[in-house]
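Labels A, B and C are assigned to the chains in the order they are written; within every chain, residues are numbered from 1.
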Amino acid sequence: MSMSKQRSDSDRVSRRSFLAAGAAAGVTALAGCSSITGGQSQQERAGVAGETLTLTTTTSTYDTGLLDEIHSGFEEMYGVTVDAVAQGTGAALESARNGDSDVVMVHARGLEDEFLRNGYGVNRRDLMFNDFVIVGPEADPAGIQGMGSATDALTAIADSQTTFVSRGDNSGTHTKELNLWEAAGTEPGGDWYQETGTGMGEALNVANQQGAYTLSDRGTFISQRSEIDLTILVQGPIEGGPESLANPYGIMAVNPGVHENANYDLSMAYIGWITSPGTQDAIADYQVNGEQLFFPRAVSENPDFQQYVPEGWSSDDTEE
Amino acid sequence: MSLDATVHLLPALVDLPFREGYVRSIVYVSLYVSGIAVLLSTLFSIPVAIVMGFTDFPGKQVVKAIINTGMGFPSVVVGLLVLFIVSNQGPLGPLELIFTKEAMIISQFVLATPPITAISLAAITGVSDNVREAARALGGTRLDTALVVIKEARYGIATAILAGFGRAISEVGSVLIVGGNITSAGGVSKTRTLTTAIQLEARQGQYDTAMVLGGVLLTLVLTVNAIVVRFGDAGSMNR
Amino acid sequence: MIRLSNVSHAYGGEPIVDDLTLSADPGEVVAIIGPSGVGKTTVLRILALFTQPSSGRVELDGQPAWAADEAERLALRRHVGMVFQEASLFDASVARNVEYGLRVRQPWSDRLREGLWSIAGSNGTPGAVREALDVVGMGDKVDQSARSLSGGEAQRVSFARALAYDPSYLLLDEPTSDLDPRNTGVIEEAIREARDRDIGVVVATHDMHQAERIADRVAVLLGDGFTEVGPAETMFESPTDDRTRKFISGELVY
């Protein structure tokens, strides 16, 4: 009897010490774990490390290849990944509105202003600009070569009823084109006005095949110049043409007050990085076929308040 | 192919090797997304086809109608529906599936299931009742009998799976909308498939590169078909 | 013993059997005869525990079949083998067909393991399979595809398939109706072999001569629920009931 009691006592003791040893091992392991995850390398101290930033932008911006060129700098600096989604102006803003992206980069000031007014976006900055050009066949049947007014050129095309290819897809380019028609006081329509509903590259191909005119952003035109027979007939402001053909780009962060899970920290890091002197220089250095595509705008000695608010807004405006 | 066309495509072909990591990564994404979608769809569709083939339940006609409609459902519409669901504003928003391969798998699952189910159903109901009876009479459980039917219908089922795979790997509408056609800055695809890559080249007017990628896609589909058919033949030779 | 006690069953409003008592013991051959369409298949399906009769008792080895649940009934059914008029072989090799009954009676862990082995290489044919094929003289066609067999060969394989897992009872539904005399002979010989192995055999046939050749006992179905059961000699030489006598003499004329 006593022997068995002794044995059970020692069993109990050994079990207890086993548990204690186990607990000690567990605590040590956990401590080890936390020291691993709290590792102190330079990059990992940044709170955003390992995260992904979702950026929505237009197809023409993406297709220039600029973003692929400069993004690795940002990714390395913070140890993050940038997912650039090329959707087209409307879709890019819609994604941002829904909270499916964290930061949005488009070139449609009117739509950007609406985005700000509705509270979906914050911290807008002017980013860069390029311009549009009116291109067409060398023969130039409407005689618009060298005109200093984009609206006059469009009127001439409409009057001569020469084929004009429109993107017809509510993109930034298409919006600009419609604004110009409106400013010219002409409503385009008829057999000579063709809406393709495609991207810029395809639209240029269509125009090329038909010897037609079209409005293109300079960047896409430069990329395709070698493959098509169209030439620039009306320059944009970069080469001395009218201001009406300017194409400014803006960037906005998705408002974390509207979408709690928007990656606001990382968006602000991105906006800070892309508007920094170093990156703005890199943007200026980016070339396609030996030509500069984008002209930086974010860094300036002089104040520019209009970039932060909808155009024409003043503190006297009543809140909507 | 005419000499002219070949010469025209040569620059694009020469270009491609320099982007080999790129092409490899988009082929991988295409196969990964469509492969898993078809696998999941098969695991779902075959039991559904068995139940539909051998039992009667209320609403069976409705299910049949849904399957038949689903066969012709436009991929872009499926993409929109899945977008509504996985968007931040949608019911699955918290899962953060938007612009991921997982969302693409979901939409391709929806696209592949109707053809796989319908063609499997045809194959399964084509198995004679006598064979089913025999399987049961020899002591098989319901599961045994179902397995016998599946084995008897295996060629039809393989056709169904190939049809589903074909539908998935060659569609562009849904994966573009829910995936976002994303690659890393270095050109490694995250959600870009062969079809969305072709669409991208085409919208940039780079028709030559688009054609080459189209050739890669075609070769891929033919290879998969050949492998599946080969397995079928090998099976029959063993008998 | 399989026993039907006071079983009545109607099909589509037509009575098939009325108050039928029929049994089959191990080691005997019972023939169910009657004109085509009279319901022999239905009686077989009742014996096979597929169809529940409208009234009466069905017992297998003393256990009531329809008081039990589906799983218990399956266990009982596994003592029975069946051969149909059409061979209904699976689209696979002869060996895989004959092996089916053995396979489904194995536990899943064994089945999965054997499945993996067979992917790696050939498993070899289980002895029971070869043995069953030898009974019907198809031992040399083990690896042949079932699709390539003639009608007679297929039916013989179908017999081996039912025999391979050593059932206690064997039910055959018009097994030789579509066969030539040679194959019919092989099947009848195989039936005798089964009986010698103490299997209880029930054969439905419309061929009276066949019944004469192989049966120990006979059940005559004449429609409208009428049946008469008795030893073979009595049935064929001096049947008691008038209708039976007319049927037998009428048939035997041919």
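Going forward, a contact is a pair of C-beta atoms (placed from the backbone, for glycine too) under 8 Å apart; a residue touches a chain by one contact, two chains touch by 3 or more.
Since this is a predicted model, take the numbers as computed values, not measurements.
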item	value
Chain contact topology (line, ring, star, complete or other)	line
Chain whose Cα mean lies nearest the overall Cα mean	B
Farthest-lying chain, centroid of Cα atoms versus that of subunit B	C
Approximate Å spacing (C-alpha centroids) for the pair subunit A, subunit B	32
Subunit B and subunit C, separation of their C-alpha mean positions in angstrom	46
Distance from subunit C to subunit A - Cα centre to Cα centre, in angstrom	77
Interfacial residue positions of subunit B with respect to subunit C in the complex	128, 130-131, 133-141, 144, 148, 151-152, 236, 238-239
Residue ranges of subunit A in contact with subunit B within the complex	54, 59, 63, 67-69, 71-72, 75, 81-87, 98-100, 198-202, 204-205, 220, 223-224, 227, 259, 261
Touching residues (chain side subunit C, partner subunit B) in the complex	48, 50, 74, 77-78, 80-82, 84, 86, 88-93, 100-101, 104-105, 143-146, 158, 161-162, 165
Of subunit B, residues touching subunit A in the complex	87-89, 93-94, 96, 98-99, 180-187, 190, 200, 202-207
